[in-house]
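In the two assemblies presented below, chain A is common to both, partnered first by chain B and then by chain C.
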Partner chain A sequence: MNAAFADPAAWPICIVAGLLMLAGLLLAGAKIVPPVLSDILALAATAAAGVLAAVLAIRIGDHPALYWMGGWTPRQGQAIGIAFLADRAGAGAAAFAGLMFTGAIWFARGYFAGARNHFHVLMLLFLASQCGFFFAHDLFDMFVWFEMMSVAGFALTGYALRSSSLDGALNFTIINTIGAYLILMGIALAYAHANALDFSAVRAVAQGRPDDPVLIAAFVLITTGFLTKAAQVPFHFWLPDAHAVAPSPVSAIFSGIMVSIGLFGVARMAWDVFAPCPAVRHLAHVGLISIGCGSAIAGAVMALMQRHVKRLLAFSTISHVGIALIGVGLLGQQGLGGSLLYLAGHGLIKAMLFMIAGIMLSTLGGIDEIGLRGAGRRIWPAGIVMGACALVLAGIPVGPLDAGARMMDAQARSNGLHWLALVIGFAGALTGGAVLRVTGRVFFNLGPMTGEEDAAPTDDEREHANRPFAAQLVPVLTLLGVWVLLASMFARSSERFALAAAHDMALGADFSSRRALPHMTPILPWLPALVAVAIASVDLNRHRIPDVVYDRLMGLTRPGLHMLQVIHDSVIGEYVLWMMAGLLLLAGIAIF
Partner chain B sequence: MSDVFSLLPWIGAVWLFGIGLYGIVSSRHFVHLTGCLAAIQSSSYLVLLGIGYRYGAVAPIFYDKRPGTQAVDPVVQALVLTDVVIGATVSALLLALVLQLHKRNGIVDPQAMRPMGKSAVPTAGGGRQPNGHTA
Partner chain C sequence: MSALDVSSHKAQATIGRRGIILRVAFVILAVGLAVVAWPVVHAMPQFGSHPLPYGDRVNAIGPAERHITNMVSAINFDIRGIDTLGEEFMLLCAVTGGTVLLRGGRGEDRAASPGHVKGRANHRPPDSLRLLCRVLAPLTMLFGLYLAINAMLTPGGGFQGGVVIASALLLIYLAEGYAGWRDALGSEFFDAIEGLGAALYALCGFVSMGLGLPYLAAFLPFGTLKNTFSGGSMLIVNLGVTLAVAGGFATLLIEFMEETRTLKPGDDPDE
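Up next is the complex of A and B:
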């Protein structure tokens, strides 16, 4: 035990195995362990996992270490064993996952009363497999953790066993399972030519023959699978259905960390494994940036058109993860670091927003923005937090979200892509505006007249009303506290850490020039937030707009918006076809 | 001759993936759809096993073979085994969800499902049925 603690490389396996063991014990004792004890054990375990990963990230520093399970180190250049990699990117992500899960399990206290502790078991499995994914240094190992995490996610989505949640869970399961099989086929192709699964071994082979079409096809298939998990256009159709119907603590996890995992996987593949192939770098640059832009814009427009608050937040997740994907596609360490920091900032904010949606469900008895108009006045503190989160989403120049955006923007401008700030601003303004509109309508009784959101799908869901409002607000405020710390005291160090994590992930390489540009947006930093406020005010004051102007505006936008609504209001078969179209798009970019 | 045979698993894999995909897109029953997903999964088995196959080689069990005998690749077989377990988990979960769905509203037609359990956008295209409602 002492030896294991002396060697930080052995920590990842301790974290993962510990969580798995606790999950097994809780499941075995499901009938005898009292709920309070399950809560305490699960909370302690997730918090300990997060703290251990954070300490590991600091201790491992500039010297990423491999841990070969069972002592199966590579012999004569052949790596048969399976390794865990302890580096700052993986450990940092695992620490963040620990924080998210601690918050979510805390928030869920009492939510699943009477359901034994299966929720805790699933959450622990979820976290363990995420940590395994972050530390994996082997293609197939990564796939197994990925699938384990997915299955835990599928089960958690359908947990409520209502008609709509079963529908969402089925959609989620089918689309993501097809994505997973694409990943597996990509891994098989990579193995066919590399005869190895270890990241470094595959990378060495890619170095030897960078134009190998089989390796490029492998990257296309694996990327498609990971982008499906990351819910990027056109692989995103499962996400609004699943996020909207999952229990709100689970939605907080989905948006906070699970979706980011797809992005983490793409970045690992692009930088760690296939980077020596020029065609892969071309695909990562052109393909990821265009898909990211498409997601950022489509997600933001769709978010503004929703009335089901969780569905609205889900679309905003697609939009913001799209922006982070652009950061990965910039192929520079600064962009990658910005992307990681952006995801962390977004995860914190989105987890808080989903918790507030959960509070609305349990204390106001609904989640429909229009139906709840004015109902939130008695829980106004939640409204204030929600409004603040909306402004952060919109991109006010404070905190990790904005710091990440500025890093990506600096990278983009040194690549000559000066328009990135516009995309970031657009996505921020629309998603922030949408959340502000919800805040105004629900908590401040504004907006008597509805617009295009009236036609959006909604649901008459409720969640357990047995939990006091204050107890639910505490985890939200705790996450807010973490955000404030990251925005003030640890602002510089979190930026430095994100850059260091990107450096580790990129193995020190940098494929795009980086000039030391000041971190500053060319447009006024407050502009997106101001636009968001303007959008929300227009939406909430529709009844004051003269009919002539209003009809002209609606007439201009209606056909496009209606088409978007119809596309997103469809059946699984069509979603699968969209997915295949996306796969062909990526393959086309790789070929030409 | 062996060229044709070495292509065979790939042709089979593409065929299985294609019919699985067609089945999912056109499915009218979730149990049928689960089966189609299994067909897609089988295509990934074929790819894996085809990659590891060696002509004239034995199974990778060296109990009664001399060390150094040419054997097919055991790594891909281990991958297929793991994949079978994952596939079984997903299928079991899907079928459990379908069973619950059938208990809730008696409809197990993927074409009748709409986000949030109901359709709000009036659509011009015919053939879309009224959906299953929450009780």
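Up next is the complex of A and C:
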């Protein structure tokens, strides 16, 4: 083989450019390429991209390598061109993205029959831009891929263009465009003082002037933009709206990998670029942990109050990504590795859940939990998978989600933050309980009486019913198989890999100590799952609770819940105000 | 989503109160942001301040190492060529997305009588307009080609040239009416141009690799300075951009024109 292709450092660009080229050719041949061939080509390409990235992650090992496009290597210490970085963090993330897209395209077979192969073109561009984002080692190049990802996301969200999906897609577009604009301003500020866009070059400048307000402002703006994509409180309002209307295979991608990308971007910025600034480390620690906690708690409470299943899952995504954000904010390699592993575990589970939501939409003809009560009994296998996913979300001590949570917890304990386990448990219990409640009601005909979820927004939508149930369940079971592998055979190696990826991302630095995983009593790890089961049982058996007790309980929680509902049931202008408030919060933390 | 009764007095009062709260909140937040931005604005470089080491270096590289005089092209197509690859496909993505959204609303079938708006007479364009457009359209297209071809010498290039070429198509539409225009051109043709142009860009990078060079590295002779065909493989990349941009904008024009079709009696505008 040609030496230029044999070098593993060249594989990232081969992945990205190969996917792009295929997308262009598919578009050019839109009229002549039969749908089956489009399916096969797209599936083969996403799977190949994932496998190549995985091999790269193993081959590159301890020696991350830069690859300068066009051979424009730095001259006299000044970066001229753009580099891709081949390291385990980026390659691992790209491999996971390949898996997610393969699953989603497989699940979507036949869904987008009307749009020729435009769906495949958009999905290939979506994956290519995500891989480009993972490998980019240049601020503006990262932004280019980020923007392309947003454009593909906007188009795929509004695919079923009805008035309600137009609302959701517009909210998504406007909020994310504002976020992207903030990132661009931040990049301009960084360039103003660094005169370079390459990560290492900006880092070197930050080393020389660690208290430069321009660089700190750049970090604040860029972080705000990425947190918007990561749908963190108070930048999260677009996610439930977008998720509620996006086709379910697209939702699987959004929650499975796209929101995690915002978090990946924040971590890259904090560790790779701006780490020499003490104010940035302070902001990353205080700001990310508080925003993460806020998202974990608010998302979990909101999830429990939903009846539109996709909105419910969207809020649970906000909650779980919030927990992963805390892991980034702990400023230790162990916490960062835990965060990455947690995101992978969450992405797998959430993709499965959105696929099941898609199955509900196509075979049951609805997505409203209350309206579908008992309708799912004939597709009970989906119900069993959903229940299992709910328990994993709640945090049963098996699998990558839990392993990541334990790593973050260990890091938090060595930082003296012993309460992190409580937040993780709280988020798990409420989101797991909410999904369990849906499972019980839809698939097992429980819960005749409704509670606070009754007032939540809902929608009367459905998806094409042209696909057999079994064919839709296969990709779900495949992802479940991957999860089982990660939970059993590869449990140890996935933990080791996550730590190695965090080591690469942190450039070997560690701003806080780590220690061994805490030894716990055997009952404690099961507690959140038990609480989740308890919450679901209470919600499903409301008709058996004496009125006095029930009214007392509801009276206590109603004002708070009502306020959360009102905040989330509003217009785009208010969402933008919340963004401003969040930006001000981050800036304030950076200053004080 | 939720159907609220917004006509009642109570609802109106609530909306009004909420509006006032929002305005006050906006003013407070804006002032707060201005306050925290103040030290940053103060620390920013002055307008027009030099030295700018990166710009100086690129200005030196263009003529010396690539034999071209338009530094913007040197950055776009060579030094930061991978960004342009991304931008190229971002445009393709946006156009494809727009197509999907518009077709999603109207279905795949072509309208029988496009370019007609209900309730408006569809006059044949006056002869003076047709003559003017028939003269201007080829000239505009020629100008677009000129812009695109001279990318290495003067301001311009594939992006600008491609847009101008596509706007010449708009003049043809003015002269010939939509139906004639669509029959003459066809959206599949532009899809193909757009996709192939963009793929050509990505392929050009792989050709470099096939020759044992890094991705997108120059592999053709650079030619002589101030010659139209200087710059080496940047010319190929520029051609790809021209095709993709012209095809992309033409596709967008066609899709928006199709939107003007008259709805059939059974059509639901919301489906």
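In this text, the second predicted complex is superposed on the first by the 583 of 592 C-alpha atoms of A that agree within 3 Å, B and C clash if a C-alpha of one lies under 4 Å from a C-alpha of the other, contacts with A are read in each partner's own complex, and residues count from 1 in each chain.
Everything that follows uses one rule, which is that contacts are C-beta pairs under 8 Å (C-beta built on N, C-alpha and C of every residue); 3 or more make two chains touch, one makes a residue touch a chain.
This one's a predicted model, so the numbers in the text were calculated from it and none came from an experiment.
For A:Leu527, decide between first (touching chain B), second (touching chain C), both and neither.
Neither partner.
For chain A, which side has the bigger count of touched residues, chain B or chain C?
C
Would you sort A:Phe140 into first (chain B), second (chain C), both or neither based on which partner it touches?
Both partners, chain B and chain C.
In the superposed arrangement, does A:Val55 touch chain B (first), chain C (second), both or neither?
Once the two structures are laid over each other on A, A:Val55 reaches no partner at all.
Per the contact definition in the header, classify A:Leu25: touching chain B only (first), chain C only (second), both, or neither.
A:Leu25 sits against chain C, while chain B stays out of touch.
Pick one for A:Gln565: touches chain B only (first), chain C only (second), both, or neither.
Only chain B; A:Gln565 stays clear of chain C.
Mind working out whether A:Pro240 is in touch with chain B, chain C, both or neither, as first, second, both or neither?
First partner only, chain B.
With the two structures laid over each other on chain A, which partner does A:Val482 touch: chain B (first), chain C (second), both, or neither?
So A:Val482 meets neither chain B nor chain C here.
So in the superposed three-chain picture, is A:Ile178 touching just chain B, just chain C, both, or none of them (first/second/both/neither)?
first
For A:Ala155, decide between first (touching chain B), second (touching chain C), both and neither.
both
Can you list the residues of chain A that touch chain B in one structure and chain C in the other?
80, 140, 144, 147, 151, 154-155, 158, 161-164, 167, 189, 192, 457-459, 569, 573-574, 577, 580
Which residues of chain C touch chain A in their complex?
1-2, 22, 25-26, 29-30, 32-33, 36-37, 39-40, 42-45, 52-54, 57-58, 61, 78-83, 85-87, 89-90, 92-94, 96-101, 103-105, 107-108, 188, 191-199, 202-203, 205-206, 208-218, 244, 270-271
What residues on chain B touch chain A, complex-wise?
Counting only chain B, the residues touching chain A are 13, 21, 24-27, 30, 33, 37, 40-41, 43-44, 47-48, 51, 75-76, 79, 82-83, 86, 89-90, 93-94, 97-98, 100-101, 104-105, 110-111, 113-121, 123, 132-135.
Can you list the residues on chain A that touch chain B in the complex?
80, 140, 144, 147, 151, 154-155, 158, 161-164, 166-171, 173-174, 177-178, 180-181, 184-185, 187-189, 191-192, 197, 240-241, 244-245, 308, 311, 455-460, 562, 565-566, 568-569, 571-574, 576-577, 580
Across the complex, what residues on chain A touch chain C?
Checking each residue of chain A against chain C gives 2-5, 10, 13-14, 17-18, 20-21, 23-31, 67-72, 75, 78, 80-82, 84, 114-116, 118-119, 121-122, 125, 128-129, 132, 140-141, 144-145, 147-148, 151-152, 154-156, 158-164, 167, 189, 192-193, 195-196, 212-214, 216-217, 457-459, 569, 573-574, 577, 580-581, 583-584, 587-588, 591.
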